[in-house]
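The chains carry the letters A, B and C, assigned in the order they are written, with residues numbered from 1 in each.
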């Protein structure tokens, strides 16, 4: 599996990314390379820096040290909306729908701002994304009134509407039932099948182990392990990070 | 003209003023800093307190400070009432914070206009034996109309600080906005705790209002000017820190007094709002921020 | 075509205004023009406020500051070379637009309530500066002598009324255009969730700067003719909190997410206030504004527009 991955080009290349908040180092020289088309997992205990890493990649935080490259171009200094237009999309851990809008209107924003979709095709394109995600029957509903699972789906749908090459899914399954987790997993597998590279941040081990081709483990802002799911499970340092001393 | 004596006078006056500001902003530190309720009407309640002191003083010759103390419990319950409305209409429904802000803006306006309707726009003042005296200590003037409010203010400040740091309910108020989980572990009802905290915040304005009208004659719209002071202090203090509030109040009092001595009193209002703007722009977490 | 029906109405209203003020087709008491001017001025202010407050969710407590800067820009222009009103309006607009731009940069660091408090602070700092600026009259104020008559309107107030009518149409038109444009949808996304908007590809800073600049510009043009209207301007009248309260209350009462809301709110509340000022007292009518504001934010957060929509919807269901 790894051999197959090596043949593909590197899509996202983060080199020694460091982020400090005052005296606290949230990320300490974390490097990771994600290959085109890969299903990449990122795990770690609470506060290990996963979301900070995503924020640095998507640009909502500026890293203090290190560099991040996407498709060979440097990301540092670019604003989040520019990175979105370059092809990096993310979903939020706590869903952030545009509450005054309907589900479909939520997709109009990224379609208008991040893609070249013409005005005539926008709602058609939006509907087809909603169908892929399984939200088509909710298109006209107020997005603030969706159920938890539908809000998670809307997060993914809105990310998809930016027409990304890289999709970062930040704990899209937290708090969902087991069948709902399977639902989201299936969507992510399908998107990956369409050629989208996916970084999955997840606490639900079953999901992340099944989904990922390669996994990086963060602990206290440092990368402590990297490899195939099976290797990660047996890594003593990972065990220590999760179970404590 | 600059002189050491003038500067010393300005510093002493500033410290006295700052002590008073501490009383005015204490309630906001609790409601805004600790409970996260943006009570922009806080200064309006202070002015309401001033007018009650004025009313009792002019009608029955009662001492304004005693009136303030007597009305503090009344204000406490008014505060609880206002919080109930706020909670039912905004907090519980998880409405945008801005709606709550507009609500308090409206409350502020209602109090101000209500006072204008009742008393007009003339400046009002109170009479008390300690108003109008001036002690001289080595060339430095210490007007008692400043000194008495300063002492009362610090006493009230100390009392609230002790309550907040030593009692169960006080600690719960300090925790309620930051740490819901801890509060649940303490088996305290967040709504009841916030209601208590907000009541205390409004309660202090009855006393602060009495102090204000001792220091300076007032009219209904001066409350607006104090919005700058109280929010500047609350932000500088690092939102919710009671000792920080005292330090920030003293800093602001001295800064205003110095500016007003050397540049003229008409510049004084810009000091508080200027500091507030700078603080917001460069250090929103305040001097003692968490 | 539906798009142009708004502008058709606007043209009809403008022509009607011209017919009244220029050709005096119907004799109108000068008081109606005096009162109407104030109502229209509130249409501009409420609409301007709503672009930032209603569309974008950034509450500006400093409307009075913008309004006064617009008015005082006119004073400066008048003192410099007796500039005509038609020059005062765009210059005041530009000055306040720049002020709005500066305020827009504040949004980089300040959100929500902190931003709102900062706008209030900004207004009071501006007031203090004006009080201490002798060139524009300082605390005592400044006089501007206006002509009693102006061709082809006759009485000067008719000219002012007509000017404000055009400004109101302009302001509402701009707000409506923004609301229906791509920019307007982006701005609505900012109101709902700024971070999510940015990550959806919306250039949030750029749009915020556009909104604050346009909003400031419109407030400035509303303030520009003020000195000619009153003839004498002092800081306490130009920086009056009433402007801030009204410009918040009117959109809140009318409905803050659409251009119709502030228009309805301003026409309704403005007219009530003008009538109440004459018949009752000016303080009592302000009390009414305060009570209505509180009532609406509690009971009808979507304003009159929201109530009408709800009523229509329930009518459809039934």
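Note that a residue touches a chain if its C-beta (ideal position, glycine included) is under 8 Å from a C-beta of that chain, and two chains touch if they have at least 3 such contacts.
Note that the coordinates shown come from a computational prediction; the quantities given were computed from them, not determined experimentally.
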Trace the shortest sequence of touching chains from subunit A to subunit B and report its length in steps. 2
Nearest chain to the global Cα centroid? C
Centre-to-centre on C-alpha atoms, which chain is most distant from subunit C? A
Nearest whole angstrom, what separates the Cα centre of subunit A from the Cα centre of subunit B? 47
Rounded to a whole Å, what is the gap between the Cα centroids of subunit A and subunit C? 43
Quick check: how many Å separate the C-alpha centres of subunit B and subunit C? 32
Residues on subunit C engaged by subunit B in the complex (per definition of touch): 53, 57, 59, 61, 106, 109-110, 112-114, 116-118, 120-122, 124-125, 127-129, 131-132, 139, 241, 245, 248-249, 252, 281, 283-284, 286-287, 289-291, 293-294, 297-298, 301
Given the complex, residues on subunit A that touch subunit C span 58, 60, 79-81, 84-85, 89-90, 92, 96-101, 105, 108-110, 112-115, 158, 161-162
Which of the residues in subunit B come into contact with subunit C in the complex? 38, 40, 85, 89, 95-99, 101-103, 105-107, 109-110, 112-114, 116-117, 221, 224-225, 227-228, 231-232, 235, 264, 266-267, 269-270, 273-274, 276-277, 280-282, 284
Within their complex, state which residues of subunit C touch subunit A. 182, 185-186, 188-189, 191-193, 195-205, 257
